[in-house]
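First chain A sits with chain B, and in the next complex the same chain sits with chain C.
Coming up: the complex of A and B.
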């Protein structure tokens, strides 16, 4: 008898009776953060919050895609911060707003460059519904515009769009993996740069002039048709504040140097070392982890970086027979290693001179060299050492494949 | 004050009426008098002769012995042709030489003398024939008992693909022979006990005298002997008298309708109990694994058998957890759902008027109703129940937006999986336990489920079946062939389970002749 009284009391007193059925909530897929117009952030704390909701009705058979209804599921309101905006929005949104399935937080460049950015995004750490794996996208224009103009090509649901495009872009290495978790880890570590995904809305065709496939920044990829929203390159954050941008190529290079990244499907083109007016396309993969060897010494440290890469030849328009000729293979290997090294050294110099810190998370390799945190902090990796460090990069290339067909067609014979 | 109350209760004394002792003490009525007319009168009175038509008396004069005799039998339990052919006919035949030995006249095979009237009546009640001869203070008991019953048929509940296709029937002697024919050994021992003050039910305890654990055997006998009830009709009732925890959710005695399963338990040193009127054999002790296993696990090849074991375990967990996981995740752990599934569930629940837990309880209850009705329904209407249940409850309820289609999937999956648990008792235990999980999940989410699961596990490790821990030999660890979750290759199963306390642990390889 006593047992049952206790059992019932335990259930009545401790159960989560304030829980909600899942159809009683609206799920925000994307959250956009902007500086409200005409508001000076230094005087008043205010933020424009945009929510894009997933519409569960889309699931019902025969329902059309987003279409005009899609607009109604995107709302923008001004609030002191984006958590309180949840409740404010309920003045016209019927259901409780949940962040539990938010895929991305889109921040306008304007806000990202202000001091307030990290303060606003910091509230995501307190709110338990926000996932730590939510990606951060920095949009060139307004975040609300970025979300509104986003029309995925196959009318898929918004959460699918963000999930797929972010996953795929990370695989190709054109954008970095930029989760909230990493932002906080890097910023709190106070030693490295955080790379956020750089995005842009651009409907103009011209972009900028044609370059190599990955040398663009968001918004300048020449294209026609399709979704006006594009993700390429990265926004560089130092101490929670945006300080610059990297192109797609620079992002890829930084990911190759970074041991915490994963690149799976990186297609790159290089000038053909034998026939210089042609370009060859290769797939680059990391063979093993990048080896970062930091030598402490008086003055700036010496850093030896070994990058073991595997490449696969995908297209050889010059019809040079790399598959059958060992000598040419050697030339190719050296050439590609040199090219990649050149890019890497250029990026490292840029980070040393312009950003005065590195986005490669190398502080992870430095930390074990000190026995206490205090020593490490006094030594000061970012400010005193990295910008002056002597960095040596060694790229080791292995060719692991020549595409499906090894032999090239013999153009001369074909032409007769 | 309290202690005073208890003291008072001691003042009550039980008075026993003298008549109870009279019957046992008065040995005069127990013996046959030798006066045939007097004994006949006693028996006739006892059976209320003229009114009771299920009692026959046949008086005759035996020409060979030149004596009078009387035959008593109960026609509904007796093989009448046998009485005619092997008792009456030889007795009435005028033989050449005269003899005083009844044994030399009667041609029935089983035959013995009985001096005690009460014991003779017991025999008569089982269908044997009594023969009284004038001047002899005893009676002859001739084994003529037979009762209507069905012949050996296919098992109904424990079906297998490769196993033998015979099942126990309602007659104990046939059941014993079904087991005995698989073990042709002099160690095969059958003991008889009679329980039930009024109905005198026979209980047959079967064990291997070289293998069966002494403790378990004594425990079984003691518990059966301690049953105080005037009638215990069959095994299903008997096990409720002798099981360890009578109010426990989990069964501790195995009932099987397969003689081959009973035989394999017999060979491992378990004790088998068989009774008239029940087409089952009882196996003691029984661990959790005995309920979890099916006969096919060993008849199928190693990999196939383990595959079915895996499926059964999966089915068990699906039955236990699917509804509660659905409730826990949709109510408390929404972030665990992939967005597409979340939207699918939210979209489907849009029009449903009830909270998810109510919806699910309704459907689970409906399913249990269909199931219960399916058992009780007369066979000709059986198929209709399935159609009505599936159509009305599934299709119509979803169409009418009373339940969401996801819940129908959950309930159907749960129901279907529950059928893979072959043992009826374990099946009920699991099905009832899942409601506990469901309620815990609705109040505490996965945290509550973990709580119930852990306390369930704690409980299961504490219960015992005839002194054997329920999860043996997994925990506590015993020497055995590890026939628990999965089984080994047959040639590697060399040990009998040690928890039975068998006298011979190893299954010694014996050279074939």
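Coming up: the complex of A and C.
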């Protein structure tokens, strides 16, 4: 009897009454943040928030893509912060807006460069709905424009589009893995630079400035047709504020030096060491973790970095027989190691001189050298030591494959 | 022995075997010696019946007598040929012999009637009862005793494949309604003196024969005694099926979980006897009741053991998965889409939201509606004759699968979830256990609708608590998982190879635990045949040259 009383009481008095059925929710897949026009952030806190909702109707079989109606699922409004914007939007959006499936937060460069950026994002952490694995994209122009102009060529569902393009770009190493979690970890650690995905909307073809495949920044990739939205390179954040940009190549190099990154499918082209007017294409993989050895001494520390890489030859337009000729292989190995080293040293110098901190999360290798946090903080890695450190980079290259066909065609014989 | 929970039960009441007043009044009184009186008494009790057959004869042409029987129960040929004929014709070997009336009974039983089941009885109530069981009684004028002969002939169906427990590999025989045939099926598989069958009669009106079968020396003595004790305390007018007994002897009648196992398969019964269980058979029921049981045996089948162990283990794992599915799948679905959509992949969440757009109810109501419809459909198809059943299931599939979605009653994903659940509950081989989980699905679903995932967890914990507290004839229900028993564990999740299980499970406390003979078991040390002989050629002989077929001694 007592059991039943308790049972009934439990059922009557408790329960998750905040239950919301799935169809009562609207899922924002992308959230855009902009500085509102004509508002001075120093005087008033205000932000333009853009929501892109996933459209459940698209799932009904036979339904066509986003089409003209797509505009309806993207809204922009001005609010004090993007959490309260949720409720404000309900003045014209019928369902409760949920961030629990948000894939990305797009921030305009203008906002990213202001002090307010970290304050706005910081409030995201208090909201339990925002996932920590949400990616941060810094768009060159307005975030609302970035979201609106985004017309995925194959994906009709926005959440799939963001998930796939971000995953894929991270695999190729052209953009860094930039989750909210990492932003907070790096910023609160106060020792490293945070790299956000750099994106841009551009419809014009900038044909004049052809470079190597990864030396672009977002918006300058020469192309014709397709989605105007591009993701390449990264935006550099120092202490929660954007201070610069890295090209795709620099991003890749920084990811190779970073032990917390994962690159799976990085295709790079290099000048052929034997026939200099050709280029070879290789696939680069990290063999094991990068070995970062920091030696403390009086004055700036000495840092020895060992980067073990595995490469696979993918195309050799010069038809040089690297597969069969050990001597040429040695030349190739040394050449590639040298080229990569050159890139790395250039990037390290840039970070030391321009950014005065490093985006490689090397503070993880430094921290164990101190027995207390206090000592480490007093020693001050990012301000007093890194910019003046003596950094040695040693790239070790192993050739693990020559593509599917080992032997090159003998062009001279063919030409007869 | 504190093996058994002591129960407060009424001390034995006087047994009321025959409720008929007349017979009761006659009670133990011996039959009178007068034939006419005896016939009159029989007529008083059974006279209204068409099939009461009384034939007056003169034994050996001189002693007036009557054969009395119920013609519907007996084999007329046997009565005519084996009983009446030798009684009316004086057999050759006793022709001319003196036949004194006081020796007559002895003469008839030992020298005249061929039938092996001829016995002498005296009390009217006993004779009537025997008559009602299909024996023929011969009353003789001037003699108090009567002869009763078993001439019973009851129609029974032939042994067929068990309908409820089909297997792909394994014996095809199933029990039938006749208990004698059923015992024969068991004896045929256990030709050993250890196999014992004790019988008793239960049911004041039906007087059903109940047989307690066990292997002496393997089954625990206390369990056998407890089974006998519980059975003997049953005082009911009718036992029509073994399920009647089950409800009287189980430990916790209010539990949704079955605490006995009923099976139609003699091979399964024998396997359980060999593990040390006790089987109860009832005349008129094609099921045997096995006690004590543990939960894990409800998802085991005989096929697990007759197939190779990898196959058996795989199938068993699939079955366990189906079991879990049938219990919590719909409630997980409800709590995920109502409370924790962030745990779903975005694609799926959007798909569900799209599918549910036209559904007017919250998810829990929607699932309950479809579940109830499914239960009704299932119940309807069980009772229907086969010819109609096919048509109904098509209608049912259409209504539930297609029309409900199009009418906006449910979303397509709900239908998929319910379908998976229903199929899952069919994958549990024991009907009663599947039923328990089917029932428990509903409270968990309601908990999920109110509390979300938290409610599901609470529900599952409650169920586990309950199962852990259950006992069947002194054996913990969750054995061998808890209390843990290493021998038994080998047969819970996977079905270990037979040679890994040398002992019987401990939890049944059998007096003899050895299953495999340890000494002369040369499993896996088979003689090497064919190409394996090369392993003998250890000292570099040329025996192993298999390119040359002339070396092989195979021809």
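Heads up, the rule we're going with is that the second predicted complex is superposed on the first by the 413 of 416 C-alpha atoms of A that agree within 3 Å, B and C clash if a C-alpha of one lies under 4 Å from a C-alpha of the other, contacts with A are read in each partner's own complex, and residues count from 1 in each chain.
Just so we're on the same page, contacts are C-beta pairs under 8 Å (C-beta built on N, C-alpha and C of every residue); 3 or more make two chains touch, one makes a residue touch a chain.
Fair warning: this is a prediction, and the values are worked out from it, not measured in the lab.
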Clash or fit (per the criteria above) of chain B with chain C on chain A: clash
Which superposed partner A:129 touches (first chain B, second chain C, both, neither): both
Partner chain in contact with A:287 - chain B first, chain C second, else both or neither: neither
First, second, both or neither for A:27, with chain B first and chain C second: both
First (chain B), second (chain C), both or neither touched by A:306: neither
Partner chain in contact with A:279 - chain B first, chain C second, else both or neither: neither
Partner chain in contact with A:159 - chain B first, chain C second, else both or neither: both
Partner chain in contact with A:19 - chain B first, chain C second, else both or neither: both
Where chain A meets both chain C and chain B, residue numbers: 11, 14-16, 19, 21-23, 25, 27, 29, 54-60, 98, 100-101, 103, 129, 131, 157, 159-160, 163
Chain A-touching residues of chain C, taken from the complex the two chains share: 337-339, 341-342, 346-347, 349-357, 359, 362-363, 450-452, 454
Chain A to chain C touching residues, read off their complex: 11, 14-16, 19-23, 25, 27, 29, 54-60, 98, 100-101, 103, 129, 131, 157, 159-160, 163
Complex contact set, residues of chain A against chain B: 11, 14-16, 19, 21-23, 25, 27, 29, 54-60, 98, 100-101, 103, 129, 131, 157, 159-160, 163
Contact footprint of chain A on chain B as seen in their complex: 330-332, 334-335, 339-340, 342-350, 352, 355-356, 443-445
